[in-house]
Each structure stands twice: as C-alpha cells, then as structure tokens.
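Think of it as A, B, C and D in the order they're written, each chain with its own count starting at 1.
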Amino acid sequence: MTISIAQAQAVIEAAQARATALGVPAVISVIDGGCHLKAFQRMDAAPLGSIDIALGKARTAALFACNSEDVWEYCKPGAPAPGLELSNGGLMTFAGGMSLKSGDGAVQGAIGVSGGAVTQDQEIARAGAAAFSAR
Amino acid sequence: MTISIAQAQAVIEAAQARATALGVPAVISVIDGGCHLKAFQRMDAAPLGSIDIALGKARTAALFACNSEDVWEYCKPGAPAPGLELSNGGLMTFAGGMSLKSGDGAVQGAIGVSGGAVTQDQEIARAGAAAFSAR
Amino acid sequence: MTISIAQAQAVIEAAQARATALGVPAVISVIDGGCHLKAFQRMDAAPLGSIDIALGKARTAALFACNSEDVWEYCKPGAPAPGLELSNGGLMTFAGGMSLKSGDGAVQGAIGVSGGAVTQDQEIARAGAAAFSAR
Amino acid sequence: MTISIAQAQAVIEAAQARATALGVPAVISVIDGGCHLKAFQRMDAAPLGSIDIALGKARTAALFACNSEDVWEYCKPGAPAPGLELSNGGLMTFAGGMSLKSGDGAVQGAIGVSGGAVTQDQEIARAGAAAFSAR
C-alpha cells in the first residue's frame, strides 16, 4: 500500500489551507513510500528555490521514516554521523518534511513544505500530515 | 506573466477528467514559462516511468515554445539538427507536451502528459491546454 | 507489499543456477517496486560493464511494469515514441529485465540480468522470475 | 586478486547474522577493490536511505584503504583536509565501512553497512570483515 492520489490531494489541500491562513506562499510536495512524486503545488509568489527544498524535505523524511529535522540530530556538529547530509544526493535536514505512515508504521509517503520561515513550513507540513492520519 | 496556480489547477483538472474518460491512468505535470514545476498529479496505477516522461514533455514544449512532437521534426533521421534531443539534459520528442501561451504568443507555461498510448497522452494534453486557452 | 529479501534471494539463486548451467558469468540484480536495490550478485568473471546494464534492465522493467525489451517496441525506428529510451536517466531496452508482479498485477519488483548473449540473459532472468511467481 | 563471489557471500552472511542478532534491519554491501558492486542485501524494514549510505561507506573504505570513519580524521573541523568529504562524488565519513585486504595489504574489496546506530553498523561490518579475514 502506498499513498493514493485522493489521499495526496487531501494532504495538499489541508497544507495549502494552513499556508493561506498563515499568509505564506508555499511549495507543497507529496511523494510515495518509494520517493516518487505523487502530487505537487507551488502557490503563487513562492520562491523558485523552494521547489527543490520542498522535494528534498519530503525525500529525506521518506528515506529515513522520520521528520526531516530528525536527521540533523545525527549529523550536526558533534553527532555520530558527520556528513550524513551528503548521502542520497543531498538531504534537507531542517523542519518541513514529515513521513506519512500506516498504522503498522510502514512509510506510505511523505510531505515536504518550503516557502516561509522554518517554523511556518513545519506548521504547514503538520496540517497536511494530519489530513493523512485522519484517513 | 506566468501561469498562476489557479490556471495550473484548471489545466490539470481538465486533463485528469479526459484521462478518466479514456480510462488512462496518467501523470500530468504543469510547469511555468521558466520550466519550473507548478503543479503535478500522478493518478493511481500510472507507471512510475511516466513521471520523468511527463516532466520531460512539458519541459521540451516550454523550452522551444511548441508541442513536444514538433522537436522531432528537427532531429529525426535526415532532419537538419541530429542529436538535438540530447540537448538540455535530454528532450522528450513525442506527443503529450504542449506549451501554454498568452495572446501575444509568450510562453506562460507548459503541460506534459504520460501514461497511455501516445495519441491518448496527446488528447489528454490538449484537453488540459484548452482549459488554459479558455481563460 | 513489495518484494521481501527471502523472495529476492530465491530469485537470485534460481537465476544464478541457470547462469551456471549455461556457463555464463552474470550480474543479477533485484529491485523493489519503487526501483530501490534489494539484492545483487556479480558472479566471478562477469564484465564490469554488466553491472550498470543489469541494474538498468531491472529499472526499465519496474518503471513500465513490463519486460525491458517491450520498451523497444515503443521507441525503435518508426515507432510512436522516439527517444523514450532517453527518459528516466536512460533506459535499457533489450531483453534481460522482467518485472515481478503480484496476482493483481501490481509491480512488486524486477530482476535484471547481464553478462551473456541477450538470449542467455533473458533465459536467466526468466528462471529468476519463475522462482518469484512460484511463491 | 580481488574479492570472489564466494568470499563476498561469506562476508554478507556473517554480517547479516550479526545484524539479526542485534535486531537491526541493515543494508549490507560488498564492493571489489575497484569500487564496483559485487554483492548486496537489503534486509526487510531497513530504511531506503541506508542503501546509498551503505554503498558510500564501502566506497569510502575502498578508495582510501581504511575504515570509513578514518577519513573523518582528515576532514573534521581543524583537520588538514577540509572538504575532503566532498571529493569522489561525496564520501561517507562515519563508521560502518571497512576495507578488506589480503595478507600483503592490497585492497581486495570493502564492506559497507547502514541501518542501525553507528556503533551497531560498525559491529555488523566488523563481523562481515572477520569472515573475509578468516579465509
């Protein structure tokens, strides 16, 4: 089982609603459990540079079955895996990426958000992820 | 002027409606005039290989302000630009990509479709492009 | 559901047994339905160039839910999708790659074989795929 | 002389046995002295992101005839080769990669492991390398 287009749409709509409420023009991407793009929206006025960041956050979350910022704990200065962020063609290790899991913990997909402040991206991603969990 | 998210959504919805009518699980991508991803949907059961093809058709159409299959006329055997398809990191030179232009002919974006037979992809892309032209 | 390591091992063992019977030193790769490497063996004396070919055949088969050589029918001279083989970072469009499907037709993985003549690679891949189907 | 498939299998089996004993779903890769993939296994439930890391650790170890973490001593803050980890398409500079050498010190191959905590990956790699040394 991997994320359906109906699920992906629900995730994007919930994230977009939160982005709009925050006044943040965001890029919102949803990938499947194998890191393949499922749905994507770039809101008007979102920076072009946020496309790759949103995709990278989603990929990072799916690859390690976690939130994108969790990876930073392993590769920040003094942590046990220096350079981990250089693996897999480059990871995005700050907040805004969240894996989407089924009840048994299997990764069904991930959402990645970029466009605002990091805490805003994270809040938008959480709103999207909640719409997935609710199904 | 470049394509808005509202326009991109309308293009994708029209294309998806046609794909559903044809019974073709398709990947539908919309990029802006600068070749940056704007909106994307992969319908359930579409082949994974169609992701890159749909993106490539849209990119090819935007890069040359034409339909993707028009590029083939320049690089097919005996044509004056052999190897053109190898430029720009690789072009997709069969039907399913169409540029989206404003009244003055400026490229505002492009749609790329993959998932069915080439003629089906082309029909789906045309349905999407018509939703853009109608605005 | 995607291919398990036990299934992947069974596929590789059956393929390797056939390769040995044919006297062909082969590279045998198995990927999951999302094109991620699951198991791999390079027999002694197999050409180094066969590593990328075996991986590419498996990837081609998984991306399009078919045999690798089926893709050639769409992009060979005169066919409707010229240049298709340039998509997805380059496809391998000759025999030796086969997708592995569950009863409902969903792609669970793929096998890719290279090292001998194309017909030998195909025979080895079939032996591997049969071990998957038998489960 | 470079690692044989029989040797590579023995290395992988020993590593997999240790991973199972530790309860760590790991990716285990073995490359030859020229950095070309020889054998590979991804245990069920190992993170997808571990594929590239396991391959990277093995490559790092083979390239410099050492353990992957030894490279970190040359490029960590204050060390004489800042940015060394960016060479060779990106190195993996934490533990879990070990070169496999013959009695005269020549590099015959390398093992790379990822999936657990860094110390677990290292323990699994050592178990694999010991199976090589024993030959």
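Basically, a residue touches a chain if its C-beta (ideal position, glycine included) is under 8 Å from a C-beta of that chain, and two chains touch if they have at least 3 such contacts.
Since the structure is predicted, the reported quantities are computational estimates derived from the model, not experimental observations.
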*Furthest chain, CA centroid comparison against chain B*: D
*Result of counting contacting C-beta pairs for A-C and C-D, higher pair*: C-D
*Taking each chain's centre as the mean position of its Cα atoms, how many Å separate chain B from chain D?*
43
*Mean-CA-position distance for chain C and chain B (Å)*: 30
_On a C-alpha centroid basis, what's the spacing between chain C and chain D, in Å?_
26
*Compute the distance, rounded to whole Å, between the mean C-alpha positions of chain A and chain C.*
32
*Which residue numbers or ranges of chain D touch two or more of the other chains?*
48
_What's the contact topology between the chains, one of line, ring, star, complete, other?_
other
*Interchain contacts, given as pairs of chains that touch*: A-B, A-C, A-D, B-C, C-D
*Which part of chain B faces chain A closely enough to touch in the complex?*
4-5, 8-9, 34, 36-44, 48, 51
*Please name which positions on chain B make contact with chain C in the complex.*
47-49, 52-53, 56, 72, 76-77, 85-86, 90-94, 117-119
*What residues of chain A sit close enough to touch chain C in their complex?*
1, 32-36
*asked:* Please output the residues of chain C touching chain B within their complex, sorted ascending.
replied: 34-35, 60, 62-65, 77, 80-84, 86-89, 91
